[in-house]
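The structures come next, written out as C-alpha cells.
Same chain, two partners: chain A is paired with chain B first, then with chain C.
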Partner chain A sequence: MTVSGGETVLFWVIAPLMVIAASGLLVVRRAVHAAVCVVFVMISLAVLYVAQEAPFLGAVQVVVYTGAVMMLFLFVLMLVGVDSADSLTETIRGQRWIGLLLGLGLAVVLCGVVASATFRQPVGLAEANAVTNPVALARVLMEHYVVAMEVVGILLVTAALAGLVLTHRRRLGAKPSQKALAEAKVAELPTGRTLTPLPAPGVYAQHNAMDAPALDPEGRPIEKSVSRVLRIRGQERSATELLTAEETLVRRELERPDDPVPSVGPASGTDGDGGGAR
Partner chain B sequence: MELTNYLYLAVILFALGATTVLLRRNAIVVFMGIELMLNATNLALVTFARMHGDITGQVLAFFVMVVAAAEVVVGLAIIVTIFRARRSASVDDANLLKS
Partner chain C sequence: MIPGVAADFSADALWVSAIKAVLIIVFLLTSVLFAIWFERKLVARMQLRPGPNWHGPFGLLQSLGDAMKLLLKEDVTVTNADRRVYLLAPMISVLCSLLVFAVIPFGPNATIPFTDFSTPLQLTDFPVAVLYVLACASIGVYGIVLGGWSSGSTYPLLGSVRSSAQVISYELAMGLSLVSVFIMAGSMSTSTIVESQTSIWWFVPLAPAFVIYIISMVGETNRLPFDLPEAEGELVGGYMTEYSSMKFAWFFLAEYIAMINVSAVATTLFLGGWRAPWPLSLINDGMFNTGWWPLLWFLAKVWLLMFFFVWVRGTLLRLRYDQFMVFGWKVLIPAGLVWVVVLAGFQYAGLVGITRTQMIVAIVVAAAVVLALLWLWPQKKEPEPPGGTGADGGFDAFAGGYPVPPLPGQSLPPSPRARRSVAPAEDAGAATATRVAPDAVDEDEETR
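Right, the complex of A and B next:
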C-alpha cells in the first residue's frame, strides 16, 4: 500500500494547522476561544479519518465530538460564565516551567518510541473495507465485541443518570406563592424599591435610543430610566449634552434667515409639517 | 509519505493535551485538554488499523469515543456542581481538604 500524493498534501496542510490550534489551548486566555480551537482540531481529525479509510469514524467524530461534546462544553461555559478568564497567578512556584518541561519530555519520549519501533509494510484497508467500512465495522463489533457493546450501553445510561442526579438541585423551602411575593415587594418599599415598572428612556427631537435618560417634571434626568447594564458600562448619554446639541442646532437655523428651509417644499407653502416637527 | 507521520502528529497532540492539563487552572479548559488527549489516541488507533489492515483498531477508537462522551457528561456535571457550591471554576479553589 502506498500513500497517495493527494493525501500527502492534505496531511501537510492540515497537520500544522492542527498543531497550531492545539497550542492555542495553552496560550489563549478565554475558555470560549479554547473551545473554538478544540472544535477546529476535532473537525480536522474527522477529515484525517476519512482520508485514512475510516469514513464511518469521520462521521461519528463530527456528530459526537463537534456536535454533542463541544456543544455541551459551550453550554457549561454559558452556565459557569463566559467571562471567567483564567487567573495567571502561580500557586506553585515554577509550575509553568515544570509543566512545559514535562510536556516536552513526554513528546520527546513518545516520538522516540515511534521512531525506534519497526513497523512492517503498511497493509491498507482495501481488503477489510471491501464490504464498505460501516458494514465491516458492524461485523467486527457484533461478532467479537457484543458484551463490550452491552457494557458500554449500561455505561451510557449510568452517565445520563449521573448527569441528572449531579445537576439536580433540591428545593429547600416551600415554593413562594403569588401572595407572598406581592407582600415581600410591598415590605421592601421603605428600602427604595418601586412597585410600578421603571420609567421608559427619554425621547428627544434627535435621539430616542435606550441610552438617553428621561427627564422628570423639573427637567432633571431620571437615573432609573436607563438600563442598569448601560449605566454600569458607562454607555449612558447625558441629557444636558443632548439638549445642548439640539439648542445649538435650532439657534444655527434661526441665525440664517435668508437660507431656504430645506424640509419645507416650495409647493406646500404652509409651514405645517416642517415647522411643527422642529 | 510514511504512515508514521500520523503517529508523530498524534504524539504531538497528546503532549499538547497533557501540557494543557498541567498548566491551565480553569477546570473546563483542563477538561478540553483531556478530550484532546483522547482524540490523539483515536488518531493513533485509526493509523494502526490501516497499518495492519485490521479494522479492530477502528472498533477500539469507536469505543473510546463512546466512553469519552459518557465521561464528558459526568465531568461537566461535577464542574457545574462545584461551581454552584464555590462560585468558581478554577481548579485551585477546590482545596477543601487542605489543612
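Right, the complex of A and C next:
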C-alpha cells in the first residue's frame, strides 16, 4: 500500500487551500462568506475522500452535507439578517477569555494527539474494496450494523415528523377553492379592484423607468401604472413634465429650415395636461 | 481496470484523458450554440413564425452573433453587489455544469481512425458515477443562490431562494427515480448501467420512475413550465437580473448545459445510453452497437429529449409557485417512494425464488382487492357549506375566516367540552330566540 505521486501532489495542493479556507472562517466579516469557505472545505474534503479510495463517502459528503445541510444554512443566513453585523457585546461575563482558554486547551490536546500518533502502514484496503466500494460499504452496514442503521433511520424520521408537527398550523376555515377566489375577485369589482394586472409604467422618448406614469388612450396619465410605494413617497414624475421635455426636443427638429415637414402641432410648445402628442 | 465498472480505461494515458476532456468541452459549447438556435427555431415554428433566419444558412449563425454581442457588451457591476461572490457565482454555475459529462458514456470502445488505438468513448467512470452527477447538480445550485444574494437586490434574492428550494425538492424526486435504476442494474457506474440495458431499456420496466425523472429534470433545470426562479412577470429576471455581459452569458451557458446534462443522464439511465434502437440493433449481428455508430444513437436520443424540453416549453403555461411545490412534495416524492418500495419488493421476491407467474397472479389479486375496496368505500360526506349555521340566525364563530365574538342577539353554541349535555329542545328554542332577534336587540339597547 503506497501513496502514488499524483495523490501526494493532490494532497499538497488541496490541503493548504483547505487550511486557508478554514482560517478564513475566523477572519471574514460576512456570514455568507464564511458559508462559502465552509463549502470549499467540504468539497475539498470530498476530493480527498475520493483520492483515498472512498468514492461513495466522497459523493455522499457533497450530496448530503454540501448540497443539503449547508444549503439550508445558507438559506437561513440569506433570509434572516443578511446584512446585520454581529454584535460584539459580551452576553456572558468573561466570555472571550473563557473561549480563548477552551480554544487553547483544545489546541494543546489536538497537538498532543497528532504528535503522539504513529503512522503505520494501512492494511486491508484492497480486500475491503474488492467488490467495489459501495457494495462493500453496503455489506458492512446492512449485515453488521443493520439494527443501528434502522434505529438511526427511525430517529431521523421521528425528528422530521416532529419538525412537521411543531411548525404545523391548523386552518381556521376551509381552504378557499380557486373558483371561490375568482368569484371573490369579481365581487370586489365595484370597490375598484381590477381583474387584470395593473398597467405597466409609461415609456417616453427620453424616459423609461418605474416612476413615469403611462398614458391612457385619451392621453391622461394612469395613476395605478406607478408603484403605490413611489406614489406615497412622492417620487412619481408628472406626465406633463416628461411630455414638455419631449416637446422641446420635437420643436427643435421641426424648426430646421430645410425640414420638408411643415411645422405641425400647437405653437405653444407645452400642451397642458400632456394631451394629444401621444 | 476499475472493479465494478464495465468500461476499460486501462489503456488511457494522461494525454488521452486530456484530449477527451477538451473534446467534451468543445462538444458542450457547440451544443449550446446549436441548442439556442434549435430552441428558438422550434418554438418559432410552433408559434407559426419563421424564427431566426437571417445569419447563415437557416439562421444557424444567429446564436454565434448573440454570443459575440454578450461578450462585447459593457460589464456592469451593480453598486450594491458583493463583488467577490458576484464574480464567483457564475463561475460555480458553469464549472459544475461542465463536470457532469465526464462520466457520460458516448459509446463503447472505439478505434481512433488511422491507428489501432482503442479507447472507450467516455472520459472516466467509477462505481458511484451517478452520485457524482447528483453531487455536481447540488453544487451548481450554489451558483444560483450566491448570484441572487450577491446582487444586493430584492428580486434576485427572491429568485435565488425560489430556485434553491425548487432544485433541492426536485432533486429528491430525481434521486428516488434513479434509485430504481440502481436496484435493477445493480450498479451506480454509468457504463455498467448501459451494459445492463442490453436486452431491455429501463424506461419500459421502470416506466413510473422514468416519468418521475422526466418531470423532475424539467423542474431541476428551471425550465418552463417550472421556470419560477426567473418568472418575468413576478421577478423580472430572477437571480440573473443584475448580471450583464459575460457573467450573464455564463449563467445562460450553464442553464443550457444543464439541459443537455439531464438529457444525457436520462439517455444513459433509462433510454439505453448509446445502444441502437430495437430493430436496428438486430441488423448484421449488432453491427450498429459497435465502433462509432453508438455516438449517433446517443446524440439522437439526447436531442430527442432536448426536443421534448422545447415542446413542453412551447405548450405548457407556467405553474403557480405553491402549486408547483405541492406537486413536488405531495405527488412526485411520495410516488417515487412507493415505487421504490414496490420495486424492492419485486426484487426480493425474485431473490427468494417466487416465479414470474406467481408474481403476476399476486399483482392481479392485489389489484382486484384494491378495486373492490375502492368500490365498497363509503362515499365521502359533502362538507357543510361554510356559514351554514349563520344562515339560520345562529352564530358563525369563524365568519370571514377570523374568530369573531357573537354579535348582540346571537348566543354562543353549547361548548363541546361542557359537562351537561344541552337538551335538543332548548337548542331549538335558542334558535327561534335568535330568529326573533331584532326586537330583542332593541329591547336590550333600551334597557341599557
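Keep in mind that, in the parts below, the second predicted complex is superposed on the first by the 147 of 278 C-alpha atoms of A that agree within 3 Å, B and C clash if a C-alpha of one lies under 4 Å from a C-alpha of the other, contacts with A are read in each partner's own complex, and residues count from 1 in each chain.
We take it that a residue touches a chain if its C-beta (ideal position, glycine included) is under 8 Å from a C-beta of that chain, and two chains touch if they have at least 3 such contacts.
Here the structure is a predicted model, which is why all the values come from computation and not from measurement.
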I'd like to know which partner A:68 touches here: chain B for first, chain C for second, both or neither. both
Who does A:132 touch here: chain B (first), chain C (second), both, or neither? second
What is the contact status of A:242 with respect to chain B (first) and chain C (second): first, second, both, or neither? neither
Would you check which partner chain A:212 touches, where first means chain B only, second means chain C only, and both and neither mean what they say? neither
Which partner does A:49 contact after superposing on A: first (chain B), second (chain C), both, neither? first
With both complexes superposed on chain A, which partner does A:60 reach: first (chain B), second (chain C), both or neither? both
Which of the two partners, first being chain B and second being chain C, lies in contact with A:124: first, second, both, or neither? first
Between chain B (first) and chain C (second), which, if any, makes contact with A:173: first, second, both or neither? second
Winner on chain A touched-residue count between chain B and chain C: chain B
Footprint overlap on chain A, comparing chain B with chain C: 56, 60, 68, 79, 129, 133
Would you pull the chain A residues touching chain C in the complex into a rising list? 30, 32-33, 36, 39, 43, 46, 55-56, 58-60, 62-63, 66-68, 71, 74-75, 78-79, 82, 129-135, 172-174, 197
So, in the complex, the side of chain B touching chain A is made of residues 1-9, 11-20, 22-26, 28-29, 31-33, 35-36, 39, 42-43, 46-47, 49-56, 58-59, 61-63, 65-74, 76-81, 83-84, 88-90, 92
Mind pulling up the chain A residues that touch chain B in the complex? 3, 7-8, 11, 15, 18-19, 22-23, 25-26, 31, 34-35, 38, 41-42, 45, 48-49, 52-54, 56-57, 60-61, 64-65, 68-69, 72-73, 76-77, 79-81, 84, 86-87, 91, 95-96, 98-100, 102-104, 106-107, 110-111, 114-115, 119-120, 122-125, 127-129, 133, 136-137, 140-141, 144-145, 148, 152, 155-156, 158-160, 162-163, 166-167, 169
What part of chain C is in contact with chain A in the complex they form? 3-4, 82, 84-85, 88, 126-128, 131-132, 134-135, 137-139, 141-142, 145-146, 149-150, 157, 160-161, 164-165, 168, 171, 187-188, 233, 383, 386, 398, 401-403
